[in-house]
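Note that chain A is present in both complexes that follow, paired respectively with chain B and with chain C.
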Partner chain A sequence: MAIMEGFNKALPLSNPYINDWKNEGKKVLGYFCSYIPEELMYAADILPIRVRARTCADTPMADAYMTPTTCSYTRCCLELANRKQYNFLDGIISCNCCDQVRRLYDNIRYKAPFPYHYIMGVPGYVSDTTIDWFKHELKKLKLNLENNFEAKISDEKLYDSIGVYNKSRTLLKELYLLRKHDNPPITGTETMNILSAGVSIPRQQFNKLLTQQLSEFKGKAGISDYKSRIMLVGSMLDEPEYIQVIEDLGGLVVTDSLCLGTRYFWDLVEVGKNPIDSLAERYLSKISCPRMTDGHPQRVQFLIDLIKEFRVDGVIFQRMKFCALWWAEIFMLRDNLKEEGVPFLDLEREYILSGAGAMKTRVQTFMEIMESR
Partner chain B sequence: MEIDIYNKYKKLGRGNWGKDLIMWKAMYTGLLTRFKEEEFTPFVEFFLNLFLDLPKARREGKPIIMHPFNYGPELFHAMGIEPLMQEIFSVGLAPFHLNEPYIDYTNKIGYGDNPTLCNAQRPLIGTYLQGAAPIPDLLFFLSTPCNSLAMTYQVFHNLTDVPMFNMDVPYWLYDEQYETSEFYDEKTMDYMVKQVKDLKNWLEKMTNQNLDIEKFQETMKLVNEAREYVVEFNELLKTVPCPVESLVGFGNFLVMVTKGGTTDAVNATKYLRDLAAENVKEGIAGVPDEKLRIMWPYTHVFFDQDLFPFLQEEFQANVIMDILGYYQVLPHDVSTIEKCYESLAKGTLDFSMIGTCRGPIEYYIEYILNFVKEYKIDAVCMPMQFACKHAYTMARVASEAIREQLGIPVLIFGCDPYDSREVPLEAIRQRISDFITQVVL
Partner chain C sequence: MIVAGCDVGSLTGKAVILKDGEIFSYSIVPTTPKPERTAKNAMDKALENVNLSLDEIGYIVGTGYGRVKIPFANSELSELSCHGKGAHSFIPSIRTIIDVGGQDCKVIKVSKDGKILDFAMNDKCAAGTGRFLEVMAKTLELDLEELGPISLQSKNQAKITAQCSVFAETEVVSLMADGIEVPDIVAGINDAIASRIMSLIYRVGLEEDLTMTGGVAKNIGVVTFLEKKLGIKAIKLPVDPQIMGALGAALTAKEKAQIQ
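== the complex of A and B ==
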């Protein structure tokens, strides 16, 4: 439990780990998408923090600028930036991962600026041509970081950084493998806390905590009082309370395809070759999100493999309201799951949990459907 | 239109066009009826031929490629592949509310809603599932301007198995460290040319034919010729009073996005250029007693075809240009095959709505500021589509820049240009009228 406390301390927007880092006179940058390589920032001795906005209760300013029909994650980020809630950040790095995130970048620059801003282009499909372009983008980002933060990102530093982040990926995969068991030692809610911590604290500290946590799990009695094994699928989710609602009703979340989940860490960066090349290949070719226009067949296969490996009873799509990418993707995935005979529930949600009562009713019904099978 | 020409086109439209072209044929019949009372101009000829080309291609066994509204079809024409701009359906059917049943059906099957996925493309899914959408042989789309478009094309591909090619339009980085932005740096051009060649290779493979180099160069020369007329036309619109009425500029876009690279396009764009030039020479205004010059840096409200005539009549307001009509692809050197590929690449980067929207907001703002200054604009109207995330999220910041830097009033309002039930025609007209009477005048 003590180790889990270490993760939980990282959950607020700013946290003691960030404070310690800044007290050493080092910089912190916020980033918005898992297509942005954290390794480059870390190699410049900059702490990369995934921008989260869990404390956002309302978005009046962001509604005016981003409009009320954009996803509430981006609106919450703009709102909190405008309220100076990210003052611990020395800047932000964004990308064109989706229309809303790329315009969030513009609105932040105009209405709630940071000392440093950068946006990088991420191609929309994978080919030799686009990987080559992405290498070019990563080189530009590297140069920009070096120029703006008086840092030298040598190949050696980049190798080290890749090693640290690959270690995280390996540890997280170990954690997920434990969740395959009949009686997994960890809930989905606790897993979400760990994942959120991972993108909010210095990575070496995270690796240390996670290593300790994994050894604590050895010999621990697992969870057996659940009714169904659930997989969560969708975009940005960093709210343990959301998963708690499902788990309170007897569903145990055992795996996922989420921005902060498997899609974030499943694939390693290849070592032993030019580090920029390795990063470009890994980030563009990793298990994709629907922004990648050629990736649907691979995403389906990945989903089905996970469903089998983790013996998933049912899939819950957590679909952020107004997200074009995921609505279309889920529309296609529904047919794939029907073909596989896997029950699913399509739950529209806001970034911050609202309407928990309605959600409970729908999840409860879904559980009953799965039980009756 | 002379009766023998009318009868000729009536005859050409006869026969069975196939079940999936029923709506296409209905649009053709409607247009012919409308044009019957008008002069038969090269623009009318272009429009009618556009609708006849598709069934003709079917009869002749020519492959048909479906593509979105932001790509010039010249390569397709050069390769004898019939282009079908998909949004002709959503735009063409909107004034008659004929796409609304398909929007409802698309809602019913669970493919998105109005504020999430754009109805320029979304109803394609419901239309297809009801057997009313043409099934092309090939599918092409770009990553820009929006996710909504790219996703609907993927869903369509997923449902139909029609082979698909996607082109990635690189994000155009605005860097304050540079005094001027490099729109076409060497790397960007190299990236785009490679993709154009990939597209050419894919088309060759799919159609089992090689690109005829001579025909390619001929096509590119025709594109250049039409581009010259469009650029001249756009220059003429700077004249006060504007020599043509509100919707005319959009005509050039329609021509270039459907028939760029054909003689029909050359004739139609020349006709529009000549019309504007003649009116400038004669001092004729497109809107008599022009009082207001409006910029419309977004799409039309397509379901209300009488909106601009209403503004002309009520306020002597001329909508000088919309975002699509502002086709600013310049003529390029096409003396070699390599230059032809480069021209296609540049044409893609500059195409209406791509050039202004493929990067950070500064480019959209610069486009509006420059246009307002050069075209002597009095007011700006932004009728933003609810689902258009990339544009709607720029509107407020852009409007502040316009007001602060030029003191020009701006109106922003949300609507669905393809579905009159979201914000009805009367509400839109009232909102614009209030803006003009209470803010502009």
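== the complex of A and C ==
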């Protein structure tokens, strides 16, 4: 699987693709949430990468600044920022997606500043008024990027950028369509490698790799030695090892509602009209994260549609400890799934996999429940 | 036909030997740092009781935290399925099983055929488990077995608020310093465990009949406080509730041996 290696090379925080990009004298910005439009940065010839922290082993410094009762994703990011592990970044862009990510931004600015910081406002619900507001926010961000990085983000460049990212979303959807098969050609673990690479390398290179990968899958014998088809739902997850634990026990992950997964690529940006307007509408009304206060009915419907389309046997909710948004959402979703008669497992986790033994007991029991149905 | 189940838990190892479907022998031994050794100790003891040797056992199912490390097990099953099966074999009307073991607290829901339907387990924390009680007994210089009966003597129950076993210990120490009577403190401890169990029951939903398994089911204090909160009685098992996991494993071994 030579192409897979192309994705795997992108997994470290700083990877060869980023180095090549920087060697051309171009900038790299880190962003923290799928509500921040990468298209705007890419149109300014800036590489946007999702800030991840998989190399974080422990968080003594971050615990001191943020208390141990904030989610481990934000604490891991702060720890690595304090340890200068993100030095390859020329700056960060954050938003008010949740309070913990906001406080992460404050702490980074205060304790481990970058040459450039920006925090944008993302409205908490969808209406004509909030979409207008969000358009203003995007215009402000565009202007700020132009001024700080001496770039001109013309409509043409923005159209191109939207085209590249839409292409990427279409390819990812094609990948997911293959996972609907009885014998999917790809595991959930491998898919997570691809998804993580997507937000860590230049988009055009990613699209090329993924196109090659998709054609390689055609004619490949699929996976048949699994017990159940699993959907994974919940907080920020970019760890293939986590999914590996589930798949080692016979649960093939075939789809998800994750911010690096379906919620990241399911909806396209409309082309043919004012690009800022299209971006604002897409990002605000896409399949939402529980940060959006009025999005629960949409999220339930999305989940139920995916369960049917991908013939999901059971749903695993993974909620990061102290991720209050997902915690409350999952409690409601449990009732929704009960009504639908879909088995589910509610798993608490930390950002970095720990206590795999306890996780195995729970997942194995879940497999036994599904087998005996 | 002779089969066996072996349950390697966090604090104890258990083995049950079945002869023609009936409990022939069982053992409970302390856990060692090596699950393989704990399993062997438990199995050896159960075999010794009835003068059997390992090769006379037709099929063995392993369960518990060390389930994949049991060298002589033919297959394995999660302890949740096993506790469900074990308890249901004695009381067919059972629908909810509360298993409080060394490091876990579980609420298990089973169907009328004893198949596991749903479960809830404590998250990564020892509060509300056997380990918590062990720490508390040590702090109060009591034997683990005394915690149940002593708490029933309480006249003015102390309130333990900390959700964490480490902080609860601090709370207990300050209650002792304030001169609060030991039965009142122990009542507070047992009540705190019952509260943790209630939170899990709320997650899964209560369906009668209900029973308790695992080592903590032997603590009459926890059982009494829980019954008070639930407003119903827990049905008492006719054998040691701590061996329910190993028994469920042995019953599974019986089914597997019949298929073979």
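In this section, the second predicted complex is superposed on the first by the 373 of 373 C-alpha atoms of A that agree within 3 Å, B and C clash if a C-alpha of one lies under 4 Å from a C-alpha of the other, contacts with A are read in each partner's own complex, and residues count from 1 in each chain.
Keep in mind that, in the parts below, a contact is a pair of C-beta atoms (placed from the backbone, for glycine too) under 8 Å apart; a residue touches a chain by one contact, two chains touch by 3 or more.
Bear in mind the structure is a predicted one, so any value in this text is a computation, not a measurement.
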item: Partner chain(s) touched by A:98 [first = chain B, second = chain C, both, neither]; value: first
item: Contacts of A:358 with chain B and chain C, given as first, second, both or neither; value: second
item: First (chain B), second (chain C), both or neither touched by A:219; value: neither
item: Touched partner set for A:329, first chain B, second chain C, both or neither; value: first
item: Chain B versus chain C as contact partner of A:291, first or second or both or neither; value: first
item: Chain B versus chain C, judged by how many residues of chain A each one touches; value: B
item: A:369 touches, of chain B and chain C: first, second, both or neither?; value: second
item: Overlap of chain C and chain B interfaces on chain A (superposed complexes); value: 321, 346
item: Complex interface listing, chain A residues touching chain B; value: 64-67, 69-70, 95-96, 98-100, 102-107, 109-111, 119-125, 127, 129-130, 132-133, 136, 140, 290-291, 293-294, 296, 321-325, 327-329, 331-332, 334, 346
item: Complex interface listing, chain B residues touching chain A; value: 110-112, 115-118, 143, 146-148, 150-152, 154-155, 158, 166, 168, 170-171, 173, 187, 191, 194-195, 198, 360-361, 384, 386-387, 389-390, 392-397, 400, 414
item: Chain C partner contacts - residues on chain A that touch it in the complex; value: 321, 346, 348, 355, 357-358, 361-362, 364-365, 368-369, 372
item: Interfacial residue positions of chain C with respect to chain A in the complex; value: 65, 77-81, 104, 115-121, 123-124, 203
